[in-house]
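Just dropping this structure here.
Letters A, B and C mark the chains in the order given here, with residues in each chain numbered from 1 onward.
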Amino acid sequence: MMRTPENLTDTTVAAWEAVRAAGPLVQCLTNAVTTNFTANVLLALGAAPAMVDIPGEAGPFATVASGVLINLGTPAAEQREAMLEAARAAADGGTPWVLDPVAIGVLPVRTRLAAELRALRPTVVRGNASEILALDGAGAGGRGVDAADAVDDAVAAAHRIARATGGVVAVSGATDAVTDGETVVRLGNGHELLTRVTGGGCALGAVMAAFAGVVEDRLAAAVAAITAYNVAAERAAEASEGPGSFAVAFLDAIAGLDAGTLRARAVIA
Amino acid sequence: MMRTPENLTDTTVAAWEAVRAAGPLVQCLTNAVTTNFTANVLLALGAAPAMVDIPGEAGPFATVASGVLINLGTPAAEQREAMLEAARAAADGGTPWVLDPVAIGVLPVRTRLAAELRALRPTVVRGNASEILALDGAGAGGRGVDAADAVDDAVAAAHRIARATGGVVAVSGATDAVTDGETVVRLGNGHELLTRVTGGGCALGAVMAAFAGVVEDRLAAAVAAITAYNVAAERAAEASEGPGSFAVAFLDAIAGLDAGTLRARAVIA
Amino acid sequence: MMRTPENLTDTTVAAWEAVRAAGPLVQCLTNAVTTNFTANVLLALGAAPAMVDIPGEAGPFATVASGVLINLGTPAAEQREAMLEAARAAADGGTPWVLDPVAIGVLPVRTRLAAELRALRPTVVRGNASEILALDGAGAGGRGVDAADAVDDAVAAAHRIARATGGVVAVSGATDAVTDGETVVRLGNGHELLTRVTGGGCALGAVMAAFAGVVEDRLAAAVAAITAYNVAAERAAEASEGPGSFAVAFLDAIAGLDAGTLRARAVIA
């Protein structure tokens, strides 16, 4: 398929409607800080969250879930074991799964785990520029990461990861970049307040798992998830007086988002 | 006592006032996703939450708490051990305790744990129809559970569990059913938005533990807890524009609920 | 420096501006109940939260963080190990760290841990009167603690802890007391609704770590953190209809607090 801004806007709206209609079951193995917000974002989206993250349950559940999120924010030992179990089961069972390698590069335990998970070929990787650079480094043998890296500096790394995993890689920033190892798409929606609420990025990983669970075209699914999420953030910011009221309005905005608003606001290039 | 809708409305209002006056200490061993919301619901109610859920502390604390909640939403190994410790201490010490067997039947680790906990005779069991059917099956040797089960399909199972444990069993749904193994009471309050916020059911389990810690009559306590909770949800829904603002308004509504509103709105049959 | 209410108001305003300008990196090893709220409070403040609390990561990170919070609210075994690792690394590396000994005295596992942590000489201790009395007792050999202790009853204990650790100790209550083992300062700001939201005290511990990471004068940093936090609570209470809307307004109020409001409202004696 020829990728153009126009047809990616069309596929974004179609993906949104498909996710709302399907109500996908999204398994999350995520951090303790944002698990509540992430579950609420999924519920607002019309998806069904299931925070199944213990060994002995994580694997079997990954074979029945629509999509799986593995977020490395607070990876205690028992959860690390469950993450590997879930990723293997998802990979074996054909369940799309998202890896969010939070703060790798700086922190050693999760950096090693991310390398193991990367080798299981995540359907989607989502991170900021520093995390994507670190994940690329993890594959190649490790290198230093500066938390101030810009999105553009991580596009080549995202490309390499996408080619190695056969999946899609999204780099978040003021403008997001998404690639399937062929095309690179730039996404211009979003709002600074998303960075003032904990879980702004983590919950997006779960939304990407929801979209990947419903939409076959991986690149279109990622573009749609990020764009819908960020358009809701823009709407919420208009109704907010600060980060507290923004987080509340954001859940309302996700629940209330309609296809017309999404189409009118989408900035895809 | 003869159970009629009228006298159950009277006992509901009286129980509400007793809980507000007593400010019961409620120990929660609950899931990571909803622990914050649950604590905030208890505080809004005027109760004192204490999330004491590690081995070596969970048991001793269960003997001094007014009531205990054991919710199986994210049962990591250390918490499972603490749950059994707390349940045994509560049973030995006469502290009422609530079992919320989240997602049992589908997930193996918690299903085994629920069977062990059930054998310790929980004062209250609270779950959706599928969970109640699974808990009944767990006692009898296991059987498949469909998450789409209706409340009415689980009433016979609830009855059997209540008779086996000597406690009360509540089945949640559009209309809730509560039984002590003799009477079955139907409760008609609530709002669909409660299902769009994570912890809508989990926090109710904690509220049931608060009421059970104050009100001797177990059936009346359960009826009162569910009715007060659901009336607050109805009030909150009137002030909401979506699931985000609903969760906020719900905490305000619990804190602001008065006996007159509760009596006027209670739907007990 | 001579401590007067006037110059402590001046240092409070200056500290507020310094923290906003610096955006300190605050590592939190805190409880599962309030970790989300705590991260959001730090983000609203303009600080960068990092909930790094697993062994192998907690220690190295404590050497690069601006400040560290260790809160004993839900101290599972793996987190206890990480807490000791972080405290040792912070002490060795000169990173200021805050100990919040939640519910010690009553609960045995955390009481033992608090004694170990106290021996590592926390830069700041923050607790209610009962917790400060228990921490004093823990150092001296243990004694009973009544949860109803008043702030004044704990000032002597706070004094002893501050002298033993060389740090600052803050006792929370309707009026807070802060001491560095020499001066005792009384702080009169705050609002009762802070006690109706879970994490009202826990998030303050993180804010104190943020201020300690930026402001050299430990007593001035503690006074500033508590006063700014409590002034924001007063502002939020004016915009609230209950504990739910208060928590939201509180995050907005922290983000929106300005030096003029802080100076005009500060009650320091």
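Just so we're on the same page, contacts are C-beta pairs under 8 Å (C-beta built on N, C-alpha and C of every residue); 3 or more make two chains touch, one makes a residue touch a chain.
What you see is a predicted model, and the numbers here were worked out from it, not measured in a lab.
Number of steps on the shortest path from chain A to chain C, with steps defined by chain touch: 1.
At the interface between chain A and chain B, two copies of one sequence, fewer than half of the residue numbers in use appear on both sides, so the contact is built from largely different positions.
Overlaying chain B on chain C by C-alpha atoms takes a rotation of 120 degrees, rounded in steps of 5. Chain A and chain B have CA centres that are 34 Å apart. Counting only residues that touch two or more partner chains, chain A has 32, 36, 247-248. By the touch criterion stated above, chain B contacts chain A in their complex at residues 31-34, 36-37, 73-77, 103, 106-110, 195-199, 241-245, 247-248.
Against chain A, in their complex, chain C makes its touches with residues 32, 35-36, 39-40, 43-44, 49-54, 56-57, 60-61, 78-79, 247-253, 255-256.
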